[in-house]
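Okay, so subunit A shows up in both of these, paired with subunit B first and subunit C after.
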Partner chain A sequence: MSAIGNTLYQQFGAIRRWRLLMVSAMAVGVLVMLCLDLWAGPAGLAFSDIVTGLIDPQQLELRHRIILWDVRLPDALIALAVGAALGLAGVETQTILDNPLASPFTLGVSSAAVLGASLAIVVVPVVPFFAEAAVLPMMALLFALGSGVLILMIVRWSNGARETVVLFGIALVFLCNALTAGLQYIASAEAVQQIVFWTIGNLTRAGWPEVAMVGACFVCVLPFSLRHVWVMTLLRGGEAHARSMGINVARLRLWVILRVSLLAAFAVCFVGAIGFIGLVGPHIARLMLGEDHRMLVPGSALCGALILSCASFLSKALIPGVIIPVGILTAVVGVPVFLGLLSGRRRMA
Partner chain B sequence: MQAVLRYLSALIFTIVVMQQASANVIEVTDIAGRNVTVELPVKRLVVSEARYLPLLALLRPDDPIKGIVGMMTPLGWTHPDIEAQLFERYPEARDIPLFGGRNKDSVSVEKIIDLAPELAIFGLNDHGPGAKNAELIDQLIAAGTKIVFIDFRSDPLHNTLPSIRLLGRLLGAENRAGEYADFYQARFDRIVTRVSQTEQRPTVFLQAHPGRFECCWGMADGMLGPFIEIAGGTNIADAVAPGPTAQHTAEFLLTENPDVWIGTASGTFDEFTDGAEPVALGAGMTPETASQSLTRYLSAPEFAALDAVRNGRAHSIWHNFYNSPFNIVALEAFAKWTHPEIFNDIDPMETLTEIYARWLPFELNGTYAASVGGVQ
Partner chain C sequence: MTRFTARGISAFYGRKHVLDRVDLPNLTDNQVLGLLGPNASGKSTLMRCLSGEKATEGKITIDGTSRSEMGHDGWHHRLASMPQTPPNPSALLPTELMWSTARALGFDISDQELGCQIEDIFKRLGLAEVALSPLHTLSGGKRQLVGLALALMRDPDVLLLDEPTSALDLHWRMVVLDLVRERLAERGGVVIAALHDLDLAARYCDRIVLLHRGKIIASGTPSEVLTPANLARVYRVETRVTSDEDGRPIVHVIRPLRDFEPA
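Moving on to the complex of A and B:
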């Protein structure tokens, strides 16, 4: 018995060590990608210049200082913050709705953000005490949060029935898309173009305040997600199972969807609707780490950050001097990785 | 009774003969390369964007809206100042029916057919129906409307004068079209000649919609982009952009550090007074406020560090010149800004003033070009 127990324990230990190793590898990957992202750009700054410039900005000449601190750093960091927020939001949505196709976007958060942004572009409202440049993200944020509030009301009203939540979310997506299309119909050609660019998603529009806000949102939400990793893991065994263990699933659903709406709203309101990461980031992490949320939650966040950072690097590196909006590249980067992992798993099975 | 009948038949005969004599059918090749036969004079016509009205006014200053039975957009969307002047002098211009919204998808073919135009003037590639809208073209032709395409937007360098001459022929204003074309050509040639005598090619970045679009959409080989080369500059966006326009990072600008920066200002006076970001020019703007608007935009750190901004070689040009028969003004401005040493005697605003004074039944209001810090 003890021999079998030992083997089981050893196997568990091996799996645990393997997963820890994978998470650490992802973290290292994110750091490496951040360095690459900071290094890429037409200015041809040497890596040593970047390190010196990061430690002592005054040593760089003015133009290089602006390039490093005002152009490259905020873009690279917002990629990490938005990627991590969407990865985290994605894994929590998929678990709480027990639906592998769910993502923060299924709940209508990003479509609502696009609608808010389009309204700001077409109507150009003048809001007292707000700089004009801040109105657009503010409207996007308000609409995204508004859709979150609606979803939360539905969760409460339906007592947490997940089909109702998903269907309502999808209905909200269609409604917001229709209203956005309606706005585009009456908008000038320039405004339509602006809406299209905004919807594709682009990191270059972010500066330090945006990095701080998205980062702060992620840092504030993460501890609550980590606190729930045990019950979320339990939920993966099925809702009935979790209930029988004494978990109030309806209440849990309310809290998780609140977190997800906050994360997704802040993630998309500054950079535009960068899709895909919230859907596939968690799946990539799941293929590598399994269902245990102790590893899966940080893993998904890291995975999201890694994909978006990689896309950000490519958006600058593919055609030097020209920016390819990162929203176009996220799927181009993520799909091969995803397919590779899927086929790898098939071979193992 | 018989006398009356004889008189009437004689009258009808005369009218028919007169009509046949005046029914002058011409064949033209439009800018899309299509051969179109049109019966002159054209009595009923529609235009896509109302921004072509100033050109129609140039050709027929006595009655700019003569024969116009419909248009896609009201003039006020692009030229509110000219619209106000037009409405004041020709109140019936308010009643010109509209057959669409702001883009080609909003056009109602049925409405156009209902207006029964003999001729439709569309832009090759403007916000209205283009040369690729085969279905709409076929339907209109089947309904008896001839369509000609003009262009001041896709390739203004090569299509501006042919478009003007084409409309001149179709509207029986060949002389006026020719006079304006000569005026345009002389100014164009002056620039080409002087540029050919200098070896220098300063680097230029031409940024579309500063303040409206996020940083930094460059015009490469599309729209006003090619004007940079004619004006004797090197368009830095052209070397890297895969298409007619592309988005560049602020880093690209800082690295290339162009000698001259030019923004196409699409902001309006109202937006400027609201404190909105788009760099503003046009009606209502004074040289001071125009420069103020530009200087405010360029005070962001990534622009302030550019040599062009520091040396006072950052300028704004009215965005609507990108689709206008008066784009020679933009070319002159580009030339003057790129080579101040050889184009010191040229004043683009004087050219614009002259165009208005000689050809247009409207008054010129506002400012259409400006420089950072107020330097010209």
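Moving on to the complex of A and C:
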């Protein structure tokens, strides 16, 4: 890529335009995947019915309308919202902790959510003014947010030392896992099965309110992430350089981890601990788009949404009549894509 | 016209006193100050104190105004420092690093102007060929040059360089320091560089400060500071110092001194 007759500005512009094209292609991919996800399922709706039903619901017969709008659309949209939230949270965690293995799950947020959910399943607390079905996600959310608060306290206390934050996060994972195991030990066989089922991750529990909550969380957080794209990009050059420019890395770390905790807490509390997307979504985006966070941040959210949507489609399409829990499939879908990109990159290098 | 002063600089790591009331000579336009000293003598800490990154006792001023009077942004507008570690070997492109730095720091110029400015700096530092290659494909020396490019792009009045040439080969060491000198002649300003290489220091610095265990052992012109006695005391080596045709000292290291030999 040497400069021959072209200014650096022009060459850099060409790279950026190519990346913008890739991001647009990802967005189109997400839309296509959404339609496929809506189409898959046992009711035998034709693909054209789905498109017509989305544009003009009145044209569908009532039965199909209910299936499309009240069952499939919330499931498909929560896949996008959760995937996007985890993709965004993942890329921000990896950059702010300068650790390619980090994800919102490394911070203990999802383990805490599992602990909260397990407690709800085993103890079955009765909370006034709350429907029984809402108690479980609420407990998961509270525990996830609680772990976020703990992490934030650690970030403040350690003045943003990233090793301390990662170590504390991992310690928190072990603690939550141990407590969950303790609950399982005393729980009935049925409750254990429920916990396991919740932990695997499942999209079919979601309705419109859940879609709205996760979507709103993502939409509220995204502008703050976009506001920090420049400084996050330069942070990829190393903390020492960012500090030398007068950037307060400790304060930045506090803000980013606050955002990440919120995203991860809302993402996992309704659908269970769908791991892996927050880890691999950003890496796939990075392999395709590079490190410029102007592209990487939206790209990572789109990648997350795409992987989870694809997994959701496969969960219904693989074995007709059976819905495989989507948490099992995210890794099955994501790993080959990731390995393919990685080996492609090796060959090019 | 830039004046830079630093008086009574003390710094601690926990309870450990790492800098003890260090006074730097006052610097005015076009001057290069070299900080010399063995490992752990406090050079890097002093650099971090001067840039405002590490809390310190003492008074540091640019044109008579301290950092607290000038404000955080104002201070970093006039002073840029290049840390010892080169930029991380990530997949980031050098151009992206420069670009995002300019935008994160709120440079008020158009994209096209910024592109030209980055290209110009890269050409001067021999980085034009790798401007769009990921940092992890670059050698340590090239990455160090990218680090220098980051500091130069900010066009500061006070430029702090922490071992700017440690990863560079002979050719690029001289190119870099020539460039720093040229830049001073063009636009004025002062440079403070922590260096390991005594001959480079003698060649490029107007003033030298010799640090040892957080204290100043000697301060003055290169020929005043680079004496066999000072070098034996600080570096524990036996040396012979001659001078070149311009009167600059040349240090010939003969052998390390053993612990029991008087320094």
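Things to note:
One rule holds for everything that comes next: the second predicted complex is superposed on the first by the 340 of 349 C-alpha atoms of A that agree within 3 Å, B and C clash if a C-alpha of one lies under 4 Å from a C-alpha of the other, contacts with A are read in each partner's own complex, and residues count from 1 in each chain.
Here, a contact is a pair of C-beta atoms (placed from the backbone, for glycine too) under 8 Å apart; a residue touches a chain by one contact, two chains touch by 3 or more.
None of the values given here were measured: they were computed from a predicted structure.
In the superposed model, A:Arg236 makes contact with subunit C only, not with subunit B. When both complexes are overlaid on chain A, the residue A:Gly41 reaches subunit B alone and has no touch with subunit C.
In the superposition on chain A, A:Leu8 makes contact with subunit C only, while subunit B stays out of contact range. Looking at the shared chain after the overlay, A:Ser111 reaches neither subunit B nor subunit C. In the superposition on chain A, contact is made by A:Val126 with subunit B only, not with subunit C. In the superposition on chain A, contact of A:Val71 is made with subunit B only, not with subunit C. Of the two partner chains placed around the shared chain by superposition, subunit C is the only one that A:Ile247 touches, whereas subunit B remains out of contact.
Residue contacts after overlaying the shared chain place A:Gln194 against subunit B, while subunit C stays out of touching range.
The residues of subunit A shared by its contacts with subunit B and with subunit C come to none at all. Listing the residues of subunit B that touch subunit A in their complex gives 77, 101-103, 105-106, 127, 209, 212-215, 239-242, 246-252, 254-257, 266, 271, 274-277, 301-302, 305.
Partner subunit A is touched in their complex by these residues of subunit C: 51-53, 72-73, 75-76, 80-88, 90-93, 95-97, 99-101, 103-105, 111-112, 114-116, 118-119, 122, 128-129, 131-135, 137, 146-147, 150-151, 154.
Of all residues in subunit A, those touching subunit B in their complex are 41-44, 62-63, 66-67, 70-72, 124, 126, 132-133, 185-190, 192-194, 197, 202, 204-205, 316, 319-323, 325. The part of subunit A that touches subunit C in the complex is made up of residues 1-3, 7-13, 15, 98, 229-231, 233-234, 236-238, 240-241, 243-247, 286, 290-293, 349.
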